[in-house]
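We just call them A, B and C in the order they show up, numbering each chain from 1.
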């Protein structure tokens, strides 16, 4: 295990963490502001991935593919908000679980009907297919660098949007105290719709960017949803800053766990046991992290509500 | 082809009425107390006769289906117990099913072949896991409880994936059926069906009984007003933990039975969507209602089975059903007929 | 020795000192009123004594037994019961079921899970006796949530009485009541004097002066003074910080 391998894994973790952040940001806002548990958030991520993969294949333009993914998903999300989500805001969490689970079922079938059952192979944009020489003896896939850059850029944009703009102020007001915000005359319905669309756009962006390095298939939304939920719980529900920190934490812990735990175990345990235990512990790492954080800080690292 | 659906709608219509029997002021039970009391026995009799009558109607295939339905109903009843009566929204219940199933695998792998030992082991080991998981999880509230139970189930999932001795991701086949003893094995091809039916009936009767006991009343009190229960002197945490352990154990038993039913066990049994599905079925049937769990399971599985026969796209109608339920029958199926009766 | 003693109770919420080293004693057979302006920390104090909020420092002793380390439900079994300012009953259950639940907490184990509760005549008798004592016998079958406010308050009190308390904490039992209900409640509390000591938080000064043997005044989380009605009425500081503001309100 040399320094280069470690550095490479850290970069991978950073990239994964940033993508998780894009997904978790919308989820945490919807949860924090509207008190709505949206299991179907992962389906929006899936939609982004599918649209991007198909448009990229058809047009050969990656930029166009990403743009189309975001626009289409936002449009779908807006429709979803009007038809279903809007009517769930004041309902019980369990009812929200029921309804949004229903949406997952519908979304999975819709994707199957449109794009078929077989996983899509999304290609990396040709210009970014090769590695970049980051340092002597350290080649790193240039596409993964793009992922990191895009993630950081969006995080910065989101930070500015939430902290420096009027709409951001309304969003924060809604997250920390909805009743007060309503009392102050904030048009909560409009803010909700905006936030939901924003979250959908970010999830679609993550889906589009992740498509070339993961398999685009039905069920990918359900698979990414759980880590994203773990992120928002660790970060503190409703907190963008918390989601950012927690996403990087989870990204690093998960990647590091997969890369280093089997190696570390092999050093201290018999190989057969280590081979069994390594992947299990790596998969479990982020949940242990969550349990630890909740034990110490029951409302997450950065509680949005006082 | 229509048969399962019409069966289920008849069950739905009649069992819904039985739920009324729980509330003495409801008119139906007042007018037909005898019928409402006898209804569970009627349902049991129909289910018991089903394997004997099925060949006459060409429904042999559905004996296995009903057996699975009964097993899932056992698991759903246990979730209904802690969620509906106890207000504990656990989103990791499939984890206990998995623990039960893998306990059976472990015992088989270790050379044991007794079904009773395997299922009993599933019950005990799942109960122990529930004790550990509950002891930690029940210190949290609301969404955090949902998330932490989910997290523990995910841990169990990855644990199963990593157990290469038991097939890892690919699962584990149980090639020889477990032995239920000389009195049962080989007596009739459907003997396992009746064993499952008896266990399901016992579990259902137990939960119904407990619901009216001191413990059941205390559990509902905690669901409705936890702070007040503390101020009345109830050991709320221990009461909840006891319920959580019982539910986990029963789910484990269902897992053990499911392992026998499928002759196969895999980590997919404990995927989080399975936990969500269980929750969905219970809510669809009616949270905290006596007949909620079996009704929800019957409705869901019968629809799934019927839809699968006609189309590859069988998910979306179920999704639409959930949305309809959320907006038009939020109290669940078991409550629908009650409300109609009450409104008269 | 006093029946109940609280010593040096402290509770902080962030930077706010909500309870500031409070010492309080309640004698046997005494109705001890706790008054003070809004935000003085009266409800916080009741929550600390009943254990629903953990205290940051201090000690609670009832009848010589130190309850400080006990969980709230264990304190109930040592004879410390309470009511709630915001009426806390089981709204969907009948009055009878409410009372049964309260009685059940005191009589044997609630882990019993096979016998039907309806078959336990001892429980039922105790619940009916409680209903008689608190004037709820006529509404036994009504859901608690649909009762008039005054009745709900009385039910809240009845639930606490089921514990056979030696010290009863009443957090504004007259809150939101009309004059008629208030009179009934005052009468009911007066009758309880023979069976339990009472720590009474109340804004209705008329009720306080009619019921209380002793009055403590809480201001900014501190006990300003303690004494009988005449002492408190004559206390200059009390007049300025409390009765003064009340008179303006």
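Note that a contact is a pair of C-beta atoms (placed from the backbone, for glycine too) under 8 Å apart; a residue touches a chain by one contact, two chains touch by 3 or more.
Just so it is clear, the structure is predicted and the values come from calculations on it, not from any experiment.
Participant: Touch graph across the chains, line, ring, star, complete or other?
Facilitator: line
Participant: Max contacts between which two chains?
Facilitator: Of all chain pairs, the one joined by the most C-beta contacts is A-B.
Participant: Where the centres are mean C-alpha positions, what is the separation of subunit B from subunit C, in Å?
Facilitator: About 43 Å separates the centre of subunit B from that of subunit C.
Participant: Rounded to the nearest whole Å, what is the centre-to-centre distance of subunit A and subunit B, using the mean of the C-alpha atoms as each centre?
Facilitator: Whole-Å distance between the two chain centres: 33.
Participant: List the centre-to-centre spacing of subunit A and subunit C in whole Å, with centres computed as mean CA coordinates.
Facilitator: Roughly 50 Å, centre to centre.
Participant: Okay, in this complex, where on subunit A does subunit B touch?
Facilitator: The contact residues of subunit A facing subunit B are 31, 37, 39, 84, 87-88, 91, 93-95, 97-99, 101-110, 112-113, 222, 226, 229-230, 233, 237, 275-281, 283-284, 287-288, 290-291, 294-295, 298-299.
Participant: Can you list the subunit C residues touching subunit B in their complex?
Facilitator: 50, 52, 71-74, 76-77, 81-82, 84, 88-93, 97, 100-102, 104-106, 108-118, 120, 141, 159-160, 162-163
Participant: Can you list the subunit B residues touching subunit C in their complex?
Facilitator: Touch residues, subunit B against subunit C: 25, 209-210, 212-218, 221, 224-225, 227-236, 239, 242.
Participant: Can you tell me which positions in subunit B touch subunit A when the two form their complex?
Facilitator: Answer in residue numbers: 83, 89, 91, 136, 140, 142-144, 146-148, 150-152, 154-155, 157-159, 161-165, 272-273, 276-277, 279-280, 283-284, 287, 312-316, 318-323, 325-327, 330.
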